[in-house]
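Shared between the two complexes below is subunit A, which pairs with subunit B and subunit C, respectively.
== the complex of A and B ==
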């Protein structure tokens, strides 16, 4: 119990910290407005050119709300890999390691605190624009399913970015790996194009990977909530969290013995 | 039971070596070569509970690396150590409940938030109950004179104020041992004095052991009873501070300025004249050989004094001297 409180307070202080500059928080989130407007123009023309109201079961309305959720997930991701690799490189990791808590859980609580308000403001601005463009949001069940599975998304994102960040133990610059990860999420996660638009074989591959469980899962559940998909997404998230989580713990325990703290 | 026991502790760092230019870069790509740097070499020492021990040496001597191993952040390449009965790198989290650390060059307070937020967070992290945390904060606020600072965002504090908060934060959970790595770096004289007073008070009242690294001889004189001087990762000298002072801090440097011009053949018996200017003289003497008041009366008889500065030789010189002696005894034996 006490140890849960510990991580809760770390989460809380990051949350407070993210409110230290409300202007910056809101400024960042405004970015979602032009994004949604551009997506709308793009998909409106696509649907018109195809001469149909629905492609693989997705209408312009559901595509737009899908993309709103996908954007919110992507834009509120914390810069964890960069933070950790900087911690490793400039030696400030020493300060994180000199307290009685687990480094990995500390970073998790930290990144959660950074994410929550960003996600809220992004969803708020995104919803306003999309509502104005295509009409009111989907049923409450969609919100509920999305909300639950987004938590899994955050855990998965944490595992992957933390692994990338920790690779700073071995490589000098982690940004190329971040770049690759981001593009994988874009393409195989269903961030730029909903996975439903892909040919069936590519959908099968994409859905077996963690990226789809991160973006496609919650976004699709948001617009077409179904119990079957919900269970499926949760299961995929669970499997990948176990795989990536244990890789992370293993790598951390190995990496920390090689740690050289720079400076001082 | 000693609070720190270190036996033959070693740390070797591997750094990539790369020849200059493009060719060197390409070669390093296919056949990387490594330099090993021995930051700490077979270091052994003990520290008793409640002791105030100074750890000094020039930059790169291995002080910080040693502290980082003693807090469990770095794994050593060899040897062993026990801190309060724990092997630091194996029981880092357990040990962390009983020690406080300050790294002078790296802030641990949340930069954009008032210090009180970090204090409350640390209270939770060290699993203290809220009432106790608040009582402790009030006590430390008084001891470190920071009542008015706690609610200001840390970024708006001066360096001296911030360091006071940093050291206080490391004492929140009543540690038995405080490891201070360069706590006074970059501070002015007044701020240094403030920090030293507060640390000394805490050490006395709560019997906290203090291991302090510094390259400021003033920190040692003010705080420590015993001193270990290390250079190149090895102990070159170990003694109580009063002995060190008696043996090595015997030289004084004096700079004086006169109202009228100084004659070119200015001299005092037993005093080494370093420089004679138009109006000023710089000199050095050994207080064990030439009494201070003899020098002072000579100086004031020589003309109307306008300004005078007395200083200790820099610690680097002292260490160099100790190092020389160590080598001489090695050669003669």
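== the complex of A and C ==
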């Protein structure tokens, strides 16, 4: 319990800190507005060209709300990999390692604190634009399922970005790995195009990987909530959290043995 | 002539600087090429399903994406500080450039090379080669269009960055504008209504970085060449005017700055 309070305090401090610069917070979130507008133009014309109101069970309305949720998830991700890799490269990791808390849990509490308000402001701006373009948001059950599964998304994202950041123990520059991770989320997560529009063979591959459980799962649940999909997404998230979480703990323990910090 | 010699010397020094970390340089170049390919794969999936968006197919997207990537890469490689101009102004780092007998704007923006730009620049040519519309005269137009699109992009970044002279910290606005240029640049102009088109040729000139250069590469018309040249010249002059007007307002503290 005492241990939990410690990380809860770190989370709270980062959360409050993220509100210290409201202009910065709002400025970052404004990006979702042009994105949603351009998606609307693209998908409106695509549906018109297809001559149908529904493609693979998705309408223009559900596509736009799906994309709003996907954008909220993606744009709220903190730059954790860069922070950790800089900590490793400039030796400032030593200041965190000698404190009476776990490095991994400290980074987790920290990244959660950074994410919450970013996600809220993105969802707010995104919802206003999409509401104006296609109509009111989906049923409250969708919000509930999406909210629960988004937490799993954040944990998975933390595991992957933390692993990339810690790879700075071995490589000079981690940014290419970040770009590639982001593009895997774009393609296999169904970030720019809902997975329902993909060819069946690619859907099968994508749904077996963690990226679909991170973006497609919560976004699809948001527009078409069903108990079956909800259980499926939660199960996939759980499996991947166990796999990636174990890999992270193992890599961290190995990485720390490589660490050499000179001077101070 | 003197300024060209100076630029070549700056670029040579930048290249030597990034090549100091060879593994990092190669990783960034290859990583960016892979990143660009993966991003484009989304469009391959899209056009595999929907074939055509108002006359714009995957082959046209290869060219649009190619010219956009190469122009972005060209600016990253040779004018890397255009991306961070507002921070340079806000942190008082212009002091260094002001104290030297060289054009301030040119010296400032050319003093940094972003290694990953080489990946973008190269990938653009690969994308054009894969478009299935490759011709020798088209290739020459690709080079010219990339150069003109890069002028528009660099000028736009300078205008946005120079707003820091009036508004202070605007790094969010800079990021927003860079993202808007890239996001809007890849879409065909046929997608937008007339009001949106007006914005894409003026406030966020993304059409001059993606769709218009692509049209020029696909088929030579005096109209598209005129649009590109006029756009590049207008934005270039505008950027110089905005920067030097803002420079009169420049103030710096007593912080010691070291430029490496």
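What we mean here is this: the second predicted complex is superposed on the first by the 262 of 264 C-alpha atoms of A that agree within 3 Å, B and C clash if a C-alpha of one lies under 4 Å from a C-alpha of the other, contacts with A are read in each partner's own complex, and residues count from 1 in each chain.
The rule we apply is simple: a contact is a pair of C-beta atoms (placed from the backbone, for glycine too) under 8 Å apart; a residue touches a chain by one contact, two chains touch by 3 or more.
These numbers come from a predicted model, not from an experiment.
Within the superposed three-chain model, A:34 lies in touch with subunit C and out of touch with subunit B [touch as defined at top]. Of the two partner chains, subunit B is the only one that A:257 touches; subunit C does not reach it. Of the two partner chains placed by superposition, only subunit C is touched by A:192; subunit B is not.
By the touch criterion stated above, A:169 is placed in contact with neither subunit B nor subunit C. Looking at the shared chain after the overlay, A:9 reaches subunit B, while subunit C stays out of its contact range.
Look at A:184: by the touch rule set out above, it reaches subunit C but stays clear of subunit B. In the superposition on chain A, contact of A:108 is made with neither subunit B nor subunit C. Within subunit A, no residue touches subunit B in one complex and subunit C in the other.
Put simply, subunit B touches subunit A in their complex at residues 13, 64, 68, 71-75, 92-94, 96-97, 101, 103, 105-106, 108, 110, 112-113, 117-118, 120-122, 124-127, 153, 181-182. The touching residues of subunit A, when paired with subunit B in their complex, are 2-3, 5-6, 8-10, 13, 16-17, 20-21, 91-95, 97-102, 256-257, 259-261, 263-264.
Residues 21, 23-24, 27-28, 30-32, 34-35, 38-39, 41-42, 45-46, 48-50, 52-54, 116, 172-173, 175-176, 179-180, 183-184, 187, 191-192, 196 of subunit C are the ones that touch subunit A when the two sit in their complex. If you check the complex, the residues on subunit A that touch subunit C are 23-24, 27-28, 30-31, 34-35, 38, 41-42, 45-46, 49-50, 171-173, 175-177, 179-180, 182-184, 186-187, 192-193, 197-199, 202.
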